[in-house]
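You will see two complexes here that share chain A, one where it goes with chain B and one where it goes with chain C.
Take a look at the complex of A and B:
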């Protein structure tokens, strides 16, 4: 089974960023507890070049690079249920 | 020129700095708004390209075209963006749409990432200039327009803090109406430039207008511009330069001693002479003589011919004892024949200016303006003539234009009506019907800053050129084409009455 790889881009630890991180943590701990999950948080204020390389426009931006399909979600990820649906998680197989 | 305190950053866009009284307000953000195809992206890119040539690095934030497309498209203007990127003079912030990317919005967001990228790019190359193309594209990508608006405001204030001078482009849906879509002018409203691409009499006309520069001056009204390969946007600042020409008292010969005498001693250097007449009255001969007279005095002479082919012109000249070919070989003459239909008048003007710059003549002749008039709108033609005239006069050259009247007898040409106030001297050539015979008459209608002969004189043309003879004494109504023959005693009586007529009266006659 392939690893779930997530990257969250934030611009400083704003309330929006904290909300997104909170939702992600809850999702990983509860709904995705049985999966191998790799979450990286990138602060664009400290790593602007990485934001440039990934062409990040808005913050927060969540990128799911694995498993397919590739997904890009912007916003403070208000609910775990919506997020799982958008990300096509957990993997069906 | 500008007495205000706001510092300018010269854009380097030809002619634009002139109408902007020196350039864009430095350290501020200017909104450049226009409809689709109004050359907004070219303006944005040229603003950076011109900066790099002045040693000022620039950042291009692209929301529409990809950097690859821009690198490719702008190469035609001579802007090697890829090389500038390698040299650290140009940086892209690429926000163009990614083909496989679908953005899902879940909750609230800001444009913090974009802001960080812009700031990073500006700092890493030490940018002095920034272009963002275009604002409207951001609104189509994100659904929350309120957030986008706030964030753009934040970007603009960041740019101010970074002390870059910026150009933001925005879309308009129509040429006349609200400044831009989405009301973007509300947050970048200090300085607004509008680019237009209007269809006028079935001809495309591009104009640029500075709508406002808060707290500082600029030229009012719209100015034509053109987009040319190898250069980009080229603004033609007309009225802005019209009145600042030097004038000179130095006389030069027209090539015809009798005509010189009628003009009070020749044409003035730095003056423009308009020769108007029906077809076959001798306008091309006059232009030819004017050129040859220059060459004879070791002056460089440049002839733009729009009606006749080179062969025909040279053959005509030989017929009047003038060897154009030899003169060209000696490097004193250059004859450029062009079909006016091949290009727009704006491009024609730029082409002519470039030729004048290259050859650096003391005399320029255009034969004829009427041929150019056919390919333009009245407004466009007038602007062309003003542009050319002021350019020629700035160079301390003498110019001679010919204009063709549409009717054989009397009448005036549209050309004349539109440019007579711009030219310094006007010479009319007219057919005169005299007792069943066609003769030719010539009169000097206007000679700015000098007295001149007021007679309408008969002239003939033979293998040695033009010969001006005696005034027509027993005929009136030549200029109107409504001839009346007058008995000789009546003439003597009339001339006694008006012996001291002034040139103003002579001018009245024409209108």
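Take a look at the complex of A and C:
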């Protein structure tokens, strides 16, 4: 089974960003507990070029680059249920 | 309106082909002053208006066909940071609407720039935090009330006072609470009525300031406070009320008043004693009579203080347990003081020093008891000293007669 690779782009440690990080950690520890997950958090204020290379237009943005299909989600990342549905997770075996 | 314009207008409207649903959406969205982006179900940009281009600081052509992202909104709206190529960003309120676009399901994302509002809110928050920081830096207990008596701000010292007085639910004395009710709960009725009158007079603008001293009984005994109320300066009507613990000042003032009263009472006795003393003292002692015992013989003064302190404690114990007063010890001390040529002033000095030492450590009620017992002891001791000098004087006279 391929690893779940997630990248979260935030703009500084705002309450919005902290909420998104909390939701993702919860999701990985509970709903995705049986899967190998790799979550990277990128602060666009510290790494503007990386954000520009990825054409990140808004934050918070969550990218699921693996397993396919590729997904990019923006906005309110506080609902684990919504996130799982939009990201098409957990992967169907 | 000119004939030509009317003709053109008619021509334009009538010559237009019927609008498709996409055209209608495009027309509405294009004129929207908020940024609007239409994405497909994969989050790929299918259309964006000029307001969105300005907000993102990017050309539409650059973004068309690129992934913006699938928008997630919990409730009606979400807040996002909109990033610009130069690393700058704005805060935007994002709303979404499911629509049909070019024959497919799509999502209309509207982005309203709320950076200015958020900055204004942050500035306001900072100003409020600054005000609270100032309030918290003050050691007086402070409550700010509105014109109806509702508390609109309090400082840490105010909450600490609540904690020290056993209030576990601090919301009972915090923001939103009726100050007048809090006041009534912690202070005696007689003081409350006067305080309320004063506060309302300041609120009505009849007086510019109200000050009042009142007692407050808590777990640490009765403490005294000075309340000061001044009008709240600003657009809102209200009062800034500070409470300063003045127990120590009052205690000091009480000791000073007590000392003055004792001096008054003893002045009469002193005059009488001076005469007896003058007769009874040897000449060499009389020469140094103005020097207080504390100065001329500190060790004797310390000894007197120790003995007087022990008698004072015993007297207080006798008062509580209704046992006989330590009169014999007091008589012996009086005679000893006479033997070292102590004056009435030395006795007052000893007494006040003993009271002062105790006032630092005991509650006001006990200090009051020391005052009362001490006053009686001092008068009695003064009597023994006078008797001693009289006896000495009488002896001298007998010697002279022989």
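As a working rule, the second predicted complex is superposed on the first by the 93 of 93 C-alpha atoms of A that agree within 3 Å, B and C clash if a C-alpha of one lies under 4 Å from a C-alpha of the other, contacts with A are read in each partner's own complex, and residues count from 1 in each chain.
In the analysis below, a contact is a pair of C-beta atoms (placed from the backbone, for glycine too) under 8 Å apart; a residue touches a chain by one contact, two chains touch by 3 or more.
It should be emphasised that the depicted structure is a prediction, and the values quoted were computed from it without experimental measurement.
Three-chain overlay on chain A, with chain B and chain C in a clash. In the superposition on chain A, A:83 contacts both chain B and chain C. Of the two partner chains placed around the shared chain by superposition, chain B and chain C are both touched by A:73.
When the shared chain is aligned, chain B and chain C each come close enough to touch A:44.
In the superposition on chain A, A:20 makes contact with chain B only, not with chain C. Of the two partner chains placed around the shared chain by superposition, chain B and chain C are both touched by A:56. In this superposition on chain A, the options for chain B are 21-29, 75-83, 129-137 or 309-317, and chain C clashes with just 129-137.
Where the contact sets of chain A with chain B and with chain C meet, they give residues 11, 14, 16, 44-45, 48, 51-52, 55-61, 70-78, 82-83, 86.
By the touch rule above, chain A contacts chain C in their complex via residues 11, 14, 16, 44-45, 48, 51-52, 55-61, 70-79, 82-83, 86. Contact residues of chain A toward chain B in the complex are 9-12, 14, 16, 19-20, 44-45, 48-49, 51-52, 55-61, 70-78, 82-83, 86.
In the complex of the two chains, the chain B residues touching chain A come out as 93-95, 98, 100-117, 119-121, 141-142.
The touching residues of chain C, counted against chain A in their complex, run 43, 56, 58, 63, 66-75, 78-83, 85, 87, 89, 92, 94, 96.
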